[in-house]
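The chains carry the letters A, B and C, assigned in the order they are written, with residues numbered from 1 in each.
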């Protein structure tokens, strides 16, 4: 089966530092592929390269077989890739519903761009779905900036999903969450694979092993290993670099 | 006219006059760039502080205080004023989401008020204090007014002094630390809130000093700050917001462009050239010639 | 179904309606008493309200402070004046001003939108200053004196016609144009297109990751604002019979910013109320002292510091509440039975 996301030999350097170097892997449809690695391994930079926030110096990014290397974020988005941020990035002065509607309005035919938002039936329907699916319906008119941290993290995922992407890049969705919340969010993420392919950055190793179909290990900008969680965990090189002294 | 005559009677005086104006602009821009670099505040009322300095010199001078004493007295008098403005107007809005815009608007309002107050207190007429150092000196066959020579020398001394304090002293290090990371600096024992107020006051004080120095050359009138601030902003942008050396280089460069261009084209067109330079810089190199002071 | 932004806009519309009623009242009174002075003053306030409207579109919605919006106001005024002197047609003058400011704001937007934040403020300031200086020194445009002797025009609507010289008639026409611009802007801001502009102010960094080009949105806002300022400016020579470089000066741009801040940033109708308020303040204070800047500067500063949403920002929430009580927004009922048990659990435990 053709991979939804195909990363080939991707690389970028800042000054002399190779932040991401010769990284290749694929993300299979409706699977969760997780990128792990110690701090500074280049995981977030990798996300920035894939989503178009940074232009790679070498290599290719293929979304559904189409070369999107170095395309601006709005173009990778149009190609079906949606991403969240490690530090929550919402529209704090807009309501929960408007955050979602804004993301969902790409679903509308272009002709409706100049009709009142009340007539954006598809976007509004999608907003309603998201509100219910993420249990935010009772907060639809609250300002996103006033939500609790946990609610904001969930809204962040909902905003990414609202535009019906093919691929979802989630950058530490459980960041800053309590242990209980983390487990719930993990199950939520798992439930999303019916609709989308997920590329995840996660620090909680237990969670990674539990959740992932495929794990990519990064170390000092390079891919150290990849494979099913169990195999990766057993890999001596990974043990040395990552679980090292454990 | 021979090339030597041209050099001696046209070009050289123009360059020196441009240099005097350049030093003047640098003095005003210095405070502006320090306030921006350290506090992240665009002080739209900076030109009015410059005007206050000039009027203070005028009034105190008329009361019999000598020019040399004023050079010290006026900047000192400006410090409590600057501190009060920082406390009352900048501090309350310092932590709003859009600090740049909010502080810009507040200081813009302050500028309107100051301008009108100056008009009420001193009248709308243009006044001119006597030149403190009369006469002229001939250097290499070029006749130069003494006061302009003095201005250039004093200006250079002030710039070097400020750069020394900011870059070489413990005080300067504290200020730069506070600009770089407020919380980190606070945890290292830097009295951040005092440093901010002090920095603002210092910038204002420099504007006042510029007012004292420039009044004998450029006259004193209520809107004098408005005319000057435009050039100062240009200098700060071209030099790189927050950079002291940037302000110096850009200030001298732009005023030379202005001075020399006016030999070739009508002087009224030199302003568009100078602003055109600013626009070009913003478009092609928005960070300016040099980086930011606090973040260098 | 109305969301919160639509609801806010409806509250602004109610205030706009009140404004129009008050303006019509003034026009009726003016007509009855044969007044010229106040109607002319009101017309001028309305014209500058158009400029303030364009500043609020940028500052209050796309989040960009323009300190040189008078540039497009001035271009509109000059182009309108030049057109009227060749051919005294209202529609032609408006069309010419529209085209000229469209082109000018595309060029200006290409320059100004390379930078953001405070640099945007300073570059717009610089652009306006450069152009003002150029106009100030161009003899063909009347240089520092400006151009006088712009003919009083007849404004034709099919079989009817109104003279720009008629205080009441021209007041009504300007009222219609400015409120038309308000309505157009308000309409656009309530469409998906306009909501992307609003998103710029809320969190510009996130916008491209939702699939929208920040540059395009910023350009759209800038050009729209430029054209609004230009069309408002085009009315000025019809009222006063002259144009001068002062129309492009910082004082004009600054007054528009003051109007917006007094009236309420991001409320749209606030810009119009603010403009009228500014004119009233100036003439009231001006009647007993020439130093009105102190009072205006003070009010402005207090507004920025303590009333960041301006006058309309104070009254509008009450109107919104009143409107929503009249027409309650449908409560979206969440039926837990529809949801995967996991998510329901998530919500419970995340409390």
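Please note the rule applied: contacts are C-beta pairs under 8 Å (C-beta built on N, C-alpha and C of every residue); 3 or more make two chains touch, one makes a residue touch a chain.
These numbers come from a predicted model, not from an experiment.
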item	value
Those chains which touch chain C and also touch chain B	none
Nearest-to-centre chain - CA centroid comparison	C
Chain pair whose interface holds the most contacting C-beta pairs	A-C
Longest centre-to-centre distance from chain A, chain (CA-based)	B
Distance between the centres, which are taken as Cα means, of chain C and chain B, whole angstrom	34
Separation of chain A from chain B, taking each centre as the mean of its C-alpha atoms, in whole Å	49
Whole-Å gap between the CA centroids of chain A and chain C	40
Chain C - residues contacting chain A, complex	1-6, 187-188, 190-193, 195-196, 198-199, 201-203, 205-206, 208-214, 329, 332-335, 338-340, 342-347, 349-350
Contact footprint of chain C on chain B as seen in their complex	42, 89, 92-93, 96, 98, 100-102, 104-106, 108-113, 115-117, 119-120, 226, 230, 233-234, 237, 241, 266, 268-269, 271-272, 275-276, 278-279, 282-283, 286
Touching residues on chain C, where the partner in the complex is chain B	59, 63, 65, 111, 114-115, 117-119, 121-123, 125-127, 129-130, 133-134, 136-137, 250, 254, 257, 261, 291-294, 296-298, 300-301, 304-305, 308
Residues of chain A that touch chain C when the two form their complex	51-53, 72-74, 77-78, 82-83, 85, 89-95, 97-98, 101-103, 105-106, 108, 112-118, 120, 123-124, 128, 131-135, 137-138, 140-141, 148, 150-151, 154, 159, 163, 180-181, 184-185, 187-188, 191
